[in-house]
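Going by the order they are written in, the chains are A, B, C, D, E and F; count residues from 1 in each one.
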Amino acid sequence: MSSELILSTLLSPIVLFFILGLGAALMRSQMSVPESFAKGLAIYLMMAIGLKGGVEMSKTALSPDIFAIAGVALVLSFGMPFLAYMMLRVTSKMSRVDAAATAGHYGSISIVTFVAATQALQLAGIVTSGYMVAMAALMEVPAIMSALVLARRGMKKEGEVAGSEKGELFREVFLNASVVVLVGALAIGWMTGEAGMEKIAPFFVTPFQGVLCLFLLDMGLNAGRGLRQGWRQLDAGALSFGIIMPLIGAALTAPLCWLIGMSIGDAALLITLAASASYIAVPAAMRLALPKAQPSIYLTLSLGVTFPFNLTLGIPLYIILAQWVGG
Amino acid sequence: MFAKKRLELSIEKPAFKRACRILEDAGVKGYTAFSAFAGYGGGMRWQKGTDLSASQDMIMIISVMDQDVIEKVIDALENLIGSHIGLLNISDVTVLRDEKF
Amino acid sequence: MSSELILSTLLSPIVLFFILGLGAALMRSQMSVPESFAKGLAIYLMMAIGLKGGVEMSKTALSPDIFAIAGVALVLSFGMPFLAYMMLRVTSKMSRVDAAATAGHYGSISIVTFVAATQALQLAGIVTSGYMVAMAALMEVPAIMSALVLARRGMKKEGEVAGSEKGELFREVFLNASVVVLVGALAIGWMTGEAGMEKIAPFFVTPFQGVLCLFLLDMGLNAGRGLRQGWRQLDAGALSFGIIMPLIGAALTAPLCWLIGMSIGDAALLITLAASASYIAVPAAMRLALPKAQPSIYLTLSLGVTFPFNLTLGIPLYIILAQWVGG
Amino acid sequence: MSSELILSTLLSPIVLFFILGLGAALMRSQMSVPESFAKGLAIYLMMAIGLKGGVEMSKTALSPDIFAIAGVALVLSFGMPFLAYMMLRVTSKMSRVDAAATAGHYGSISIVTFVAATQALQLAGIVTSGYMVAMAALMEVPAIMSALVLARRGMKKEGEVAGSEKGELFREVFLNASVVVLVGALAIGWMTGEAGMEKIAPFFVTPFQGVLCLFLLDMGLNAGRGLRQGWRQLDAGALSFGIIMPLIGAALTAPLCWLIGMSIGDAALLITLAASASYIAVPAAMRLALPKAQPSIYLTLSLGVTFPFNLTLGIPLYIILAQWVGG
Amino acid sequence: MFAKKRLELSIEKPAFKRACRILEDAGVKGYTAFSAFAGYGGGMRWQKGTDLSASQDMIMIISVMDQDVIEKVIDALENLIGSHIGLLNISDVTVLRDEKF
Amino acid sequence: MFAKKRLELSIEKPAFKRACRILEDAGVKGYTAFSAFAGYGGGMRWQKGTDLSASQDMIMIISVMDQDVIEKVIDALENLIGSHIGLLNISDVTVLRDEKF
């Protein structure tokens, strides 16, 4: 059953298109999906995820469980960066600020990985809850704060960078596109419910998986290019971190899921969130807050190593793990 | 025709607004910004669109101004490109309408 | 019933996404929908509207009514700028050329407002005619001419701007994207009829409302940014004009609808067209024809003030008005 | 029956939207579909075509026929440039290198013309095989090699252009976007089969024809602009080549189809492929390999003359031809 | 190496074609145009994409030419940027191939 | 402030990578590339997006470097723009940080 799960994930069209893009980039094809088109698709995907989650939340009353899960999600996002930082400082030669910035990425999440997990679960006939989208949104930001704490710990306070303004980091972190669209669409889905959704489902629900194929083709190209350009920057310790850290995140999360009695589907999603690493929201925030950290390091790791790992092997593993701990 | 200074500032996109504030605070009358699509520096190539966070994109700001304004602006810019990925160059140009710069 | 109508309009997903965008921009979020993606969606929307209108026109023979409505539409587009100009000169400190350019925007129309009204009517179960799309196309251009008359009245004739060419204004006005696509799609819909439409309906009809949500998120961002950047340029007289002028346009149009015996749905659409203001076709024409007029004034008003007003409160009001005068 | 076929092709929405775009560009309208949006749609179309072909191939075992067809396709792509080159040298004043580069375009193919032919056949109720997509992919590249042979024949070998690199031409030719996406999607469609397709059909199958309308509007704009800018570069011999060469290609292919006993639908597609000319993959390769050839010549011919001809009159002719030779 | 003049003209997009005609009519051998994505002038910021009519977008045209051509071009351009939003500056450059400019 | 040379190379997109290799091989420390959206040359206008193969697009590369590097780079570039559509100009600029160029 588990090898079947791995195979069906690996042979799903979205993963195959990702692999196509990855391969093309590694073979140095010049092909590309135009940036603005891909960014438009990304906004579509976040709207669709948010709406779907919101509509499902509107169908059932909020249970106390949800707060327990939210608590675990927050703890994970805040806490994992500290663990990741220690690992990086021990196993690689990364500087303090690079390690802190990288650690922040692993506390936060990748929404595409989350979506891919949802699809794999659906394929396997395992149900999930709409409010897990809210957990995803909840886990985006806290890790950024932990990264700042880590980077500034024990340093003498530097002067402000010229031209910086009060509130700019706050806006970058809390009002970035993925937070605004995800939380906004969640709220709109919740407010309008099934009735409002009906009319827009032909755009946001039915073609969703197909759009995902196109988007993942682009993600494959990006991941492949990131890897080709950046892997020289990374030593063996850093590279292996990109695969070990998700596994550690998963291993930490699984018992917590069991503790608070999560369903298999929701546990799989929370484990996936913990195991995934950000490559959009956190890098942008890090450039503002920790400009001395090198983007080529943390981007290569999260987009070039961790994302492909999770998408192909990680997700089926996390589902299997969830089948052990979930009820 | 009037002699002015032309400032060409390349700055990573996340710090773009900071550069704008510096220029505006120094009393620059105007600037225009362009988005680069590829580049090379520190032995590494980058290309727009590869990095989904756009945090490696470079912006080039062009601003024409008087000699005395450029002197005011340059210290803050030096601080900025000390922290952020960026570089600048200055050249001599002539313009038609003195009052616009 | 009328408060229900207002509520159902305000709580429709398209309006909620608009408000999300508006709020994000006003809170200075950096998020954006890529320009070229939004422009692509705009072309899609105009094709879809044109096709739908054309197909419906192909189903029934053209009645003489249609010419009466076209006559009213032309009179409104030509005439309203004169009224708007007088209002602006009296109530605000706008210069003659700024007032003329702004007035031109209010004689012309906003196709997105038109579409939003169509959706609201559909929700309320009120039928509309396909040829109203032709009326929208018809009202785009005449107001531009009125604006030129107003701006040049009593001025000594200026020399031509260097580099200008005979015919460039004509092309800008009559061959701009919205005229070409709207009229072209209308004609194609009319020619191919129901049969031709069948095959392309899964792209142009079913997902239409969903696309509209995404587009209105972007419109909200634009309107919010326009308002944030431009409101300082406007005095109280100008700002209130942005809300009063649509109401005057509606009040003028309603009795005309009654006079020529329009149906409720068609009257609501014509009133909406009269009340809406252009922010794409007219600004572009004004930059060519009246370069001395300040774009920040007319764009802030039409996109930042009038469009949000119409989308949220205006449309339900115009429908209620149409229920009084329509038959 | 044949005049019916011509009429139904000419009056299909996709051709009408092409004509709309063509007309707008010839009348110097400034309207445009944003480049990155159109490029995104092009990737979508190639994915959709590839997937569809792949799924259909997965349903039936590969027959020996397929290899015969592939053989003919390769011979055509390799051979036609030699014929085209001779024609151009005789009938026009083109230089040797311009003639060689242009000839290469006519040996290769236009995937949009191929798709339009598929649609016309579907409309006429004629079935086609999924593996014809593979033939399209197969015919893209060989003609490029023939063009190089032609251009370099009898010339003393020039030195390398500064900065050129081993393998760059190979990558440009074999890993360009259309080869990667078409072949990749074909393989994915083949692997995942009907089952995998089901979930993504609402994106890749149902809205396909509608997307094609939007894409062809853009193609019309491009063809019109290409023609307006470039026709002065071309003498009468060159211009007529743009219409005569496709007819010759068709006339050559038809008996070969009969020889190997192709079905009507497949014969029509192979004839169309032979008659069509590249305007994406080949120009890009020519700029690298034969930079002295003028792009304004070959692009104006293939995009401005041959593509519009094929789309409107050519395709119905090729179908009629196929009805004679196909079985 | 040959000494030439480099003209840098920023002009609002709606007047772009007018600028092109002026340059072509004056016999300029070539020019290249770039699309700005943001800017500041007259105390106001603008950003591409916010204005759906694109009428606030700025285009920058770069053209390298001989001294005598620039003299021919400059009066018409002064008229243009007197009516339309725009500004220009001129600088000295050297080029490789005299005949191309 | 240090005196440097600013190279502005316009090159057709298909040859862009070739130009990059030339610059990198000559030891240039960095460059930034911009995508033009329209242009004119040889009596013909072009506009981005019209040509689906993007083979008529022009890229402008800006690179600031030392006098001795520019001398190394110029011969290979002359060969490149002898074969490909392209042109370049060089001007004098001053920069803040000598070591970055």
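Here is the rule we go by: a contact is a pair of C-beta atoms (placed from the backbone, for glycine too) under 8 Å apart; a residue touches a chain by one contact, two chains touch by 3 or more.
Owing to the predicted nature of the structure, the values given are computational and were not obtained by experimental measurement.
Separation of chain C from chain D in touch steps, taking the shortest path, is 1. With centres computed as the average of Cα coordinates, no chain lies farther from chain E than A.
Comparing the CA-atom centres of all chains against that of chain B, the greatest distance is found for D. For the pair chain B and chain E, the fraction of shared interface numbers is less than half, so the two copies use mostly different residues to meet. Inter-chain centre distance (chain E to chain F, centres taken as mean C-alpha positions): 19 Å. Between the CA-based centres of chain B and chain D the separation comes to 45 Å, rounded to the whole angstrom. Averaged Cα coordinates give chain D a centre that lies 34 Å from the centre of chain F.
In this assembly, the C-alpha centroid of chain A lies 40 Å from the C-alpha centroid of chain C. Under the contact definition stated at the top, the residues of chain A that touch 2 or more other chains are 32-38, 40, 207. In chain E, 20, 34-35, 45, 91-92 are the positions where the chain touches two or more neighbouring chains simultaneously.
Pairs of chains meeting the touch criterion: A-B, A-C, A-D, B-E, B-F, C-D, C-E, D-F, E-F. Within the complex formed with chain C, the chain E residues making contact are 12, 14-15, 17-22, 25, 44-56, 76-77, 79-80, 83-85. Taken together, the chain B residues at the contact with chain E in this complex read 1, 4, 6, 16, 20, 23-24, 28-35, 59, 62, 64, 91-97, 100-101. Taken together, the chain D residues at the contact with chain F in this complex read 32-35, 38, 42, 161-165, 168, 172, 219, 221-222, 225-226, 229-230, 279-284, 286-288, 291-292, 295-296, 299, 303. Partner chain C is touched in their complex by these residues of chain A: 34-37, 39-40, 43-44, 47, 51, 171-172, 175-177, 180-181, 184-185, 188, 191-192, 196-197, 199-204, 207. Residues of chain C touching chain A in their complex: 11-13, 16-17, 20, 24, 27-38, 40, 206-211, 213-214, 217.
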